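Chain IDs A, B, C and D follow the sequence of writing; residue 1 opens each chain.
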Amino acid sequence: MQPIGRTRWAIAEGYLPGWSNGPEPQLASHETVCLLNAGYRTARVEITVLLSDRDPAGAFRVTVPPRRTLHVRFNELRDPEPIHADTDYASVVESDVPIVVRHSHLDSRQEANARLSTIAFGSDT
Amino acid sequence: MQPIGRTRWAIAEGYLPGWSNGPEPQLASHETVCLLNAGYRTARVEITVLLSDRDPAGAFRVTVPPRRTLHVRFNELRDPEPIHADTDYASVVESDVPIVVRHSHLDSRQEANARLSTIAFGSDT
Amino acid sequence: MQPIGRTRWAIAEGYLPGWSNGPEPQLASHETVCLLNAGYRTARVEITVLLSDRDPAGAFRVTVPPRRTLHVRFNELRDPEPIHADTDYASVVESDVPIVVRHSHLDSRQEANARLSTIAFGSDT
Amino acid sequence: MQPIGRTRWAIAEGYLPGWSNGPEPQLASHETVCLLNAGYRTARVEITVLLSDRDPAGAFRVTVPPRRTLHVRFNELRDPEPIHADTDYASVVESDVPIVVRHSHLDSRQEANARLSTIAFGSDT
């Protein structure tokens, strides 16, 4: 399969709810960046997290093997630092080969969970 | 009507919840790929499902008649193999004529259902 | 303000739930096509509804005055024909000037309402 | 980091629910425009709000510092005028440097909150 996608993506919104209301781990409140690598080369990916009141956090580094998808939970990023709950953020995802990026969110702060998922903004420059 | 769309699309996220909580079939947890073929030629479509820990599944083949829409539930794909619940996946949709692709999801694991729907990433190369 | 947008848009998914559970009219289950006309000329818009098992319905005609937004509920389209509930559909929106199109949905079939909203696929050809 | 994005964005839908059902301020019904400025220059941003029955409101002016994100609640815009609840609107976001724009919504009118988030339509002209 030919690769598909872009090498730079921006996710203009991020927010980790401060609490949850559902069985762990599937229904814990969380945010995920979903990476798709359709080509035959490993994707080396850097995620930079932009904040509202300080310099960016990261870069967080992950790799996506060829012809694989990887779902990364922002909650679980630890190196070089964790992302705080209840804080507005945004992110830029940069890869050395074309990938496709989507951002999704499960919010279980109330009795029923709310989900959202949005394509990121892709660019090659 | 002129055709509209692209010939290659990527859906960077997929996840079939492992259980449901609502009247079948409308409110069973499910994920759907929605295909729109606005032109006057039948679209021959291949869906390849990318996983996190093994080679891709598929290709699953469907056709969309001219000037029709087709909503395909991932849960119901069987040939060449079913997609397991509670597993992260992603997909690439390839067509011989321009189509438009959207991905939607209904999650009824809790008392109230959550829905999301996202435009796929379209490309002609 | 300069116009912004495209002249052809496709919405690859549509589905009118068959029932509601909330105060009318704000929380009745519905689907809306949201049209934004940022320019100084009236937009003459045609909405064609694609179905899975018959020829398209419409075209439904609406106009969006200059520098205005118009939210059209699919439930309320009557001319040339209504759109049936509990039926999969998709739509193509064509305008004589650039506009921006979004599709949103409120599903109140269960105790809590679910909402989704997605940018349509825009094209100039 | 290189800048990423576009200088003009359109959000084709907006609607501020008239009431809420959840702890303030996190779960009050609200709509947010999320701005990401990945570059090294401050972004001067103008938000114009289009309505269905009168001339546009605004422009509302905000700035996004370099390498920062800013989440703006439409509910809190006051200058030159507030946006009324229970009214359809849309918006155009214009910046002097490339940014990325997303629109999100939390609706807590019923027992469980519903969220949606959508990438805006980006353009450079």
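Observations on the structure shown:
One rule holds in what follows: a contact is a pair of C-beta atoms (placed from the backbone, for glycine too) under 8 Å apart; a residue touches a chain by one contact, two chains touch by 3 or more.
Note that this is a predicted model, so its numbers are computed, not measured.
Two copies of one chain, chain A and chain D, touch each other, and the residues they use overlap weakly: the shared fraction of interface numbers falls below half. Rotation relating chain B to chain C, from a C-alpha superposition: 90°, rounded in steps of 5.
In terms of their C-alpha centroids, the spacing between chain C and chain D amounts to 21 Å.
The mean-CA centres of chain B and chain D are about 30 angstrom from one another, to the nearest whole unit. The residues of chain D that reach two or more other chains are 111-116, 118-119, listed in rising order. Against chain A, in their complex, chain B makes its touches with residues 8, 10-15, 17-18, 48, 50-53, 55-56, 86, 88-90, 92, 105, 107, 109-116, 118-121, 123, 125. Contacts from chain B toward chain C in the complex involve residues 1-2, 4-5, 22, 26-27, 32, 34-38, 67-71, 100-102, 104, 106, 108, 111-119, 122.
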